[in-house]
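Both of the next two complexes hold chain A, though its partner changes from chain B to chain C.
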Partner chain A sequence: MAIAIEGLDFHYGAGKQTVPVLDDINTSLNDNQITAIIGQTGSGKSTFVQQLNALLLPSNGEVNVNGMIITNKTKEKELGPVRAHVGMVFQFPEAQLFAPTVLEDVMYGPLNFGKTKEEAEAAAKKALQQVGLSEDYLEQSPFNLSGGQMRRVALAGVLAMDPETMVFDEPAAGLDPQGQKELLDLIRALKEAGKTIVMISHQMEQVLALADRVIVMKDGKIAADETTEELFSRPRWWFADQHLDLPESIVFQRALMVKGIRHFDHWAKNVAELADMIKHQEAVGHRLEETMEIAFEKTDKEEVAAGRMKEAHAYHRQEPLFDNGGGAHE
Partner chain B sequence: MTNAITIKNLTYSYPESGDLFKDFSMKVEEGEWLAIVGHNGSGKSTLAKLILGLLDFKEGDIHVFGTKLTEKTLTEVRSQIGMVFQNPDNQFVGATVADDVAFGLENRQMPSIEMPARIEQALKQVGMEDFADREPHTLSGGQKQRVALASVLALQPKVIILDEATAMLDPEGKQAVMSTLRELKEKHGSGLTLIMVTHDMEEAQEADRVAVIDDGELLYDEEPNALFQRGAELKKLGLAQPFAVEMSQALGVPAEETKNNIVELVNWLSQSKV
Partner chain C sequence: MNNLVIGQFVPGDGFLYKIDPRTKIMVTIGYVFFLVFAQNFATYLWSAAFLALALILTKQGLGLYWRGLKPILWLILFTVILQLAFSGGTPILFSFGPIKVTQPGLINAIYVVVRFVLIVLMSTILTITTPPTSIASAIESLLKPLKAVKVPVAELALMLSIALRFVPLLMGETDKIMKAQKSRGMSMSTGSLMKRAKAVVPLLVPLFVGALQRAFDLANAMEVRGFESAEGRTRYRELAYSRDDLWVLVASFVFLIVFIILLFV
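Moving on to the complex of A and B:
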């Protein structure tokens, strides 16, 4: 287990001025998986991930990073190994580029962690290669690059320190669709290279396509902590409660099930897979119970309320969403 | 129909690099909702800045409601155009939301007795009237962008340009801004021309017309539904299709029957044998 979190509370201020941000967080992050952290703005996602490399210390409880225990008593000088183990890529990381050349910018991290100049240069070059920037960029100013390229340089800066775990806060935000796709491919490649990935995202399509597991935050608490497949099997009203969207492909899959047009044994990760699933399956003749109707109709408030009743009923009976009982609740 | 903006044979180069726009022409009709899309670096934001006279161009000319953009007419042209930028944190000057909206009015030397009504009306239009006394930094990203929009609306421009105004917002913030735009468009009709620079195709779908720009060239200029048919071409340009259109094509729905939303697609599948 890469990182385990136990009884973690976090608040700003003290006494009457206390502002609670995280409340009794218990979870662990599995090695070599992509864990997505989702939740409404203000739900505590960013504060949570900052605990993972001790940028913030817990008010109560502890974070165990690969055997290193972090509590509110932990001293700053003991945190070096934690920071080396968990690399943090902030939102819009290109805003933090500063060096005159790409190479120097990427070397900054390893140098800071005590590497020699030669080692740092080798690490920087390897990292830049991993993010898909050729040697032509080494001596360029990072400020003359495109937004997507700048983000890769910033990412290489973290990668060059070769952390076991990499934490991304909204890695694809603000990039155009092509830039987003490239970045997500890169994250997938990092997982394949053995990294453990934690990723905050607002985009459910990205979560569906990439994540093995999802932690949903609400008001500083964990509202769900399960596989991606399980999460997206939850009823629509639950997502509305969390102020989250369902990916459109899943809304579509659910609608096909509700209307009895197709049955599925899992959620497709992308459009191509879903098209395949639809084409290679005979249409079915009967309708499912219409518990999922709400997933498909436009949700105004009354509809949500009505749908909630229907769906809650099915949910509490623990009915499988998929008629063969596989996939969702196995 | 009158043209809100006419760009004719425009040539513009970045300092120290080649031409971005070369002999570029485009029109925006009065009251139109236009989306300008393109990948990062395509020149779409630069175009918005050129229209606003924030950048100098070499050749060609830009007319805003018939007035040619020159150094002399700059103030007049700008008084007709409001702009909302990408980063919600970079466009606040006031200590409170109301102060912020007042800033632009003060700049236009509006008598202070007229201001409160104007401010209230502007905030109402974006659904932020209850936040007038709040400090801007306590607002969410979507709320900030709606206040930025109110600051622009208070000046009663005929054209509003939004430069990737939702790119840094979460889905709720995006939806709030988009539905505010829809309401504004409905309310002002042909009195308000909207130009939305974006790479979000779900947003572009709301526009009357989409202009696709790549390396300073106007590649397509058509209605959203026609544009979205161009699946492979859009991909090549680093752009995406809305889900229902992409799904239609993946399922082999004939081009002329492409579905624009999930409900249509479900109905089509219920009657056909894929």
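Moving on to the complex of A and C:
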């Protein structure tokens, strides 16, 4: 386990005027997985990820990064290795560019972490290639680039450090659809290259498409910490309570299941995959049980309460949402 | 960064909070001005007493003011050393090589410390009890007479309030950029002095770029909404003198008269 968090509390300020932000967080991040962190604005997501590379120190509890233990007594001087291990890509990272040329900016991180000039340059060139910027940009000023290109340079600045774990805070915010797609492909490629990824996202479609595991935060606490498959099997009202949406493909997939048009053994990662699944499957031709209908479909106010009761029971009994046998209704 | 007390408004309900900002600014400027003339023990003691009264009237804890003084302790120490080392006169108390510490030098050094502390505390009282926007409108009001000689007072005041508005924004931005660069291995607490000074560049450049960008955005936003002149702006909070301001003025005049008498005693 690359990073383990134990009994983590965090508050701003001291004495009487403390503002609690994180409350008793216990979790760990699995190696070589993409963990998505979701939750409403103000739920503590950004504060949480800043604990992962010790930009903020825990008020109580500890964070264990690859054996290095961070508590509120850890000194700033000792944090170098932690920061080298966990790279952080902030929201709108293009705001951090400063050097006269793209190459120098990207080399900044590796040089700080003790690489020689040659190594840093090689790492920078490789990172720029990874984000899709050609060698023509090396000597340009980062301030003359377009917004999307600046974002790539900033991203390369973190990639060049070659951290084991990379944290992305809403990486796709403000990018055009093509840019978003390329970014998500990059994240996927990083995972394949053996990196551990943590990403904050508000787009459930991204979470579904990319994440192996999801941590849902609410009011500074962990509201759910489970695989993506498990999370999206939760009832719809649960998502409404967290002020989260379900991905559109899942809403559709659920509707198909509830109406008994199709049943599936897993959630499709996106609409295209769902379409594929439908294409290669025979129609069920009958409706599923009434309880399933209540589980997903009932939105009528009077029925919601009853629905929740049933759902809650079903959830506690850990009844599978999927009918893996496929033939149980024959 | 949040430990900086100088220039910060701290909400409270002391007597000085109810005083018109113009009165507070005038009294503060007057106080600092006359403090320069203080030269004997009696005048410093009297000035300190006046300051103590103002401190009590803010109803804030002394810890707050102590935190306000802390950042400038080094500056004070530096001036003290200069005063001690390079004041002439006799008698000489002790000497290290060419540097002689004299009795007038020592007395001067003490006076400098007291003057420094009094000035800083008085201005801290002003900013602690007065929100920045009130200070801006007070300055505009106080500068009004200069309109007669074509000084663009309204524009100056608008610039001032915009500048004040930018302070918290820039603080937030600094924090953000600092974190981003720390993640890339920036370290201001290790390395030689030269290395530490250089570490500021990755912080300052993005900060300036961001500030300029914001300024352009703001200028555009103002123009789009038809801004032409700051002249004739109305405001939500109109400044008005009250009876309490009169008391402050009376107290200040009493202070000044006694101060002048003490100077010549």
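Quick note on the criterion: the second predicted complex is superposed on the first by the 296 of 330 C-alpha atoms of A that agree within 3 Å, B and C clash if a C-alpha of one lies under 4 Å from a C-alpha of the other, contacts with A are read in each partner's own complex, and residues count from 1 in each chain.
Going forward, contacts are C-beta pairs under 8 Å (C-beta built on N, C-alpha and C of every residue); 3 or more make two chains touch, one makes a residue touch a chain.
It should be emphasised that the depicted structure is a prediction, and the values quoted were computed from it without experimental measurement.
After superposition onto chain A, partners chain B and chain C are found to sit side by side with no clash.
Touch criterion met: A:178 reaches chain B, while chain C stays clear of it.
Our angle of interest has its tip at the CA centre of chain A and reaches the CA centres of chain B and chain C; in the overlay it is 70°, to the nearest 10.
Shared-chain residue A:161: touches chain C; no touch with chain B.
Set against each other, chain B and chain C differ in how many residues of chain A they touch, and the higher count belongs to B. By the document's definition of touching, of the two partners only chain B reaches A:245; chain C does not.
After overlaying the two complexes on the shared chain, residue contacts for A:84 are found with chain C alone; chain B is out of touch.
In the superposed pair of complexes, A:73 makes contact with neither chain B nor chain C. Residue contacts after overlaying the shared chain place A:143 against chain C, while chain B stays out of touching range. By the touch criterion stated above, A:53 is placed in contact with chain C alone, chain B being left untouched. For the three-chain overlay built from the shared chain A, the minimum Cα spacing from chain B to chain C equals 5 Å. Partner chain A is touched in their complex by these residues of chain C: 173, 176-177, 179-187, 189-190, 201-206, 209-210.
Residues of chain A that touch chain B in their complex: 40-42, 92, 146-148, 173-179, 202-203, 243-245, 248-249, 251-252, 255-256, 259, 261-262, 271-272, 274-275, 278-279, 283, 296. Touching chain C in their complex are the following residues of chain A: 50, 53, 55, 76-77, 80, 83-84, 87-88, 90, 93, 95-99, 108-109, 111-113, 143, 157-158, 161. Across the complex, chain A is touched by residues 38-41, 86, 140-141, 164, 167-168, 170-173, 199, 201, 235, 238-240, 243-244, 246-247, 250-251, 262-263, 265-266, 269-270, 273-274 of chain B.
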